[in-house]
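In the two assemblies presented below, chain A is common to both, partnered first by chain B and then by chain C.
Our next item is the complex of A and B:
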């Protein structure tokens, strides 16, 4: 143990004296600090802004004047996806998905106004977040610092001396691993600080997600340390080792993730909303139009409601038949829209699962998936937002349809387009708009997110085990 | 010529160099293949949707007996088909919508709908030729060329080689040139094949090739300057990777953050809220509150512009348009802000060969921000034609005749 410790300490001393290492480390450290602060400020401001917007959308809805309830169905409401606290580290899909969604009757709208649509386009790599730096740049730093960790000793002849002194290959490899792990550990500190900071400001459940995030990145950096060490053990020349590691980085960090996207897109066809809406529309026509209570599709419903109230015609009903139709068709339509929406989300989730399985070829993909999941900024969280806002939409629309059925008479409702007095009587008291529920979006609970992140984290662990084996084997056959 | 042949023979025996060049060839073939597959899928989607869209509209119109109802239910597909060069740079097509279905209602409530692909696609990005040429190829060139001199130094041949070659240029230029040419050909040949398959214009393919070779040449110059230093190959490689990181990643990212801070764009959600309130308040306001601003924009309907009943279609569609009119200032600011950011990004890209290449290829492919905004403009123009077609029907209100609707404007995707 003490031999390993001494070897590691020697390595650190050497790095501390190297201007290249210090400069590279300093640049990365500054980058981490600057992007962390900037991203945290931006995300916090954004979270506040969207929370304000959400509250003001509710206030505006409540403040609407007396109206026909169906007007309020079309007046609609907004749901905003407020970013969770850990989005300050990994904003994830927040920038590419719309942040707000307009909720109204008979329609499921898409989330609109993604940041990227108004962004300055400077190519595919032009987004720096703390998560990106950890995923892309830190491995590169470990490569530049560590590729010679064993080869340096070999090329300067000190490896032979070490071995001759009776140090086992395993002790040498262990010491070098410790040295690299020390560097990785130092660079984990800002992340740990950020995690502590967010955990302290958010509710307790965020703390476990933040801890898992730090552990996940620890695992990821450990994989890169192991890779660097394994290459340094197995390759005989420094220049070859560095070239090989840069190539691996290029493949793992830049190429495989994008190829995974291409593959997922080519393997699973996820129709866009317009495409699936068109298929749905042809089915919807068969259901009948909720605006037109005389539509033949409602005959069966009419028979049933007339029987229930023992009435001969819709005019005799104690409730407003038009409101009944509106509620009934909204329910039918929503069931169908949800079936299509679920199918779309299922396909997108399978695409993203394919991408996650590519983590077997790229630890960067695996940590990316785990990181977004734990931070609550992954695709599944966006889908949760879509589902929850749909629940909100359905509830207030049906609440209004219920008012439409019970608070006004059929005769007035039918005459309102031509008779101003009837039109006045169909206006419902504005106090009724309070039926709208408050909406504050929050991602899945931390345990659910942790469970979802388990697969990519296991993939990372698998990488570490395999590379650990390679290091063990390389250490055993270590010769000068 | 002899020097080039000699260097080509050397290159064939250099396993490392051959590996990088073969890798570039494979990556370029993959990027081109994926790009063509995606573009074809998008074209198929559009073709299928066009057929469905016509059927749906005919069905919607057939069920009505008033101009206003028919207009309410008749959707029209608008789309931006991928250009024949889009396979090389899919650009904004993963994050910006290129399909809409619009109808006679307020356009602002429809045009911002985002029918985009899986969010992970937009976040991670596709592996297309533009990314390969802009970000990956320079790194391959660095791996290929960084140790030309230093490698010979390590082998102890450097001074002897220089001395026997006469001038250093006769030695290093052919050697680097053969490697550079090999890499450029490995990148471009699959791309040319793809361009031929897709029928991309010769001019665009030529411009793209020039752009790729030009940016690689810039990287070559950087490598040559750094490679002169008397340092070990690993030190040179580390320095060059640092420069690559700076030029391909950090400068674009910093420029983007700076531009987005310096050039404000109004919050899009405000457009919608303003438009929604304008449209919905109209129900409760006197009819004149709608008709006055509408008739100010459309004086030709002044004679027929009085609304007597609590509900008339001409009034209904007039307040849809007035809703758009009220949102106009902020819509204009949103559009101008995006264009201003894109212009600034164009200048900033001069600092980064990677960003310059990617933007250049997106421009050629019609998948850049400007092209996506141009598509939005076409949708707006189409909506204006739609309104111009319907207003006489709403205001004069001739007897309903579905045959008239055969003359509905058709969306023309051509730029």
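Our next item is the complex of A and C:
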């Protein structure tokens, strides 16, 4: 171990005395710090703004005057997805999925206001996040610094001198691995700092997710260190090693992710929200118009309700037939919309799984999936936001429909457009709007996120094991 | 007496061709053996095989009576190796280079001992703190020789050790090698320099096309190998 440590120390001394290495390291360090600070500031401000807007939307809803309950169904409400603390490191799908949803009766609206749309004004610079730096640029730095870690010794003849001092190839490879890991460790410090900052500000669950995130990136950088070392051990020329490593970087960091996305799209057709809305509209017409209580689509319901209340006509019912139709229609409509939404989300999740499996060919894809999941900014979290906000929408719409059915008489409701007194009586007390539940979206507990991130992390571990084998074999045959 | 270094019917093939072909010799403790030969004769290959960097295709190489292949690290621990190109780190100064390689060899050496060795090879004092990238070839060679001395091993393998040295330094180096041999060290050096080899070696071998084609011992020639004889034999073998 002491020989490995000594070899690593010497490598660090070389890098510390190299202007190229120092400059490259400085550039990456500045990028990490700048993007971390800017992203953290942006996400923190965004989190506060969304929390404020959520409270404001609720206050506005509660402040509505006495109204007909169905007007409140259409008045609607907003649900905001507050970004989790670790979104400051990896905003994940937030950038493209939108952060808020307008909730109203009879519709499931699309999430709006994605970061990338707002970021377009900044020439796309908003897309440069600390996670991007760690996933894409740090491996490049490791390649630049480390491709000659063994080859430099071979080409300058010092490898023969090292071996002649009685050091085994394994000790030399171990020392070089330690040196590269040390560099990776230094660059993990800002992430660890961010994790500590998060831990200090958030609950314990967030802290353990942050620790898992640091460990995940440690594993990812270890994979790159191992790859760089393996190439330096097996290839005979520095120029070839550099070219090969850059080619691998292009493949795993840029090309394979693109191929993965295209393959997932080709294998599983996931029509977008707008496309599926158009298909849904044609089916929606078959369900009947919930605003028209006389729609033949509700004849069977009318018969059933009249039998239940032993009434001859809807006018004799102790409840408001219009409200009953509104509630029934909303239930049927929501079931259909949910079926479409679940199908769409299932397809998107399947696409996401295919992309994650491409991590077998690209550690960058694997860490991307693990990073988003641990940060609480993955597709599954977004889907949960959609489901929870839909639950909120359904509950408040059905709460209002219930009021419609129970607090209003059918006669007043039917006459309200022609009789101002009836119209007044169909207005329910504003205190009723309190039926709206407060909505606060929180990321999954750390253990749930860690369980979801296990697959991509295991893929990274597999990479490390394979590359470790290549290093071991290369070290055994290490000759000047 | 067990030879310190021994090659037994050594054959080394590289890229399908025999670089060494049935080479046998034995070097006794305290003996200086010089291998002479032209480019590609197999001189450096012989040294690399004793270091375990190359595997014999047939035959064997032994260090202190034990096959190198049995425990290559044990063999290397007995050997100080001076490569042809003095390969040390340009970003380190002489002290740092020596300290690093001696650390790896498991030797703790004081600054005074480092200075003594550097004095012995006549490396200027003012140069010792400078990074080696500013050194001349001769200064690098002197530092590498100092490293070989400081290893304090029973065996020295020297590949073109006087390459880059000025005439005075060459003479001093030869005197140093003889002193080391007198102290019991075994030296195997490979060189193009017939005159230097005859001056310092107890025995000279001629390598040609991977075969050991001749051998001259100082003991057979009244204590000193005659340069003209070796030169003539060498030239004759080359011509053949």
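Rule of thumb we're sticking to: the second predicted complex is superposed on the first by the 472 of 480 C-alpha atoms of A that agree within 3 Å, B and C clash if a C-alpha of one lies under 4 Å from a C-alpha of the other, contacts with A are read in each partner's own complex, and residues count from 1 in each chain.
The definition used in the following text is that contacts are C-beta pairs under 8 Å (C-beta built on N, C-alpha and C of every residue); 3 or more make two chains touch, one makes a residue touch a chain.
Treat the numbers as computed from the prediction; the structure is a model and nothing was measured.
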Overlay on chain A: chain C relative to chain B, clash or fit: fit
Which superposed partner A:7 touches (first chain B, second chain C, both, neither): second
Contacts of A:110 with chain B and chain C, given as first, second, both or neither: first
Chain A: partner with more touched residues, chain B or chain C: B
Partner chain in contact with A:368 - chain B first, chain C second, else both or neither: first
Contacts of A:417 with chain B and chain C, given as first, second, both or neither: first
Partner chain(s) touched by A:458 [first = chain B, second = chain C, both, neither]: neither
Contacts of A:75 with chain B and chain C, given as first, second, both or neither: first
Chain B versus chain C as contact partner of A:157, first or second or both or neither: second
Which superposed partner A:168 touches (first chain B, second chain C, both, neither): second
Distance in angstrom between the closest Cα atoms of chain C and chain B, superposition on A: 15
Touching both chain C and chain B, counted on chain A across the two superposed complexes: none
In the complex with chain A, residue positions of chain B that touch it: 16, 23, 27, 30, 34, 37-38, 41, 45, 48-49, 52-53, 55-56, 59, 63, 77, 91-92, 95-96, 99-101, 109, 112-127, 130-131, 134-136, 139-140, 143, 147, 151, 154, 232-235, 237-238, 241-242, 245, 248-250, 252-257, 259-260, 263, 265, 267-269, 272-273, 276-277, 280, 283-284, 309-311, 334, 337-338, 341-342, 344-345, 348-349, 352, 354-355, 357-359, 362, 368-369
Touching residues (chain side chain C, partner chain A) in the complex: 48, 51, 53-54, 73, 76-77, 79-81, 83, 85, 87-92, 100-106, 147, 151
Complex contacts: residues of chain A adjacent to chain C: 3, 6-7, 10, 13-14, 17-18, 156-158, 160-168, 479-480
Residue ranges of chain A in contact with chain B within the complex: 20, 24, 31, 38, 49, 53, 57, 60, 64-65, 67, 71, 74-76, 78, 80, 92-93, 95-100, 102, 109-114, 116-128, 136-137, 140, 144, 147-148, 238-243, 246-247, 250, 254-255, 257-262, 264-266, 269-275, 277-279, 281-282, 285, 289, 348, 351-352, 355, 368, 379, 382, 416-420, 423
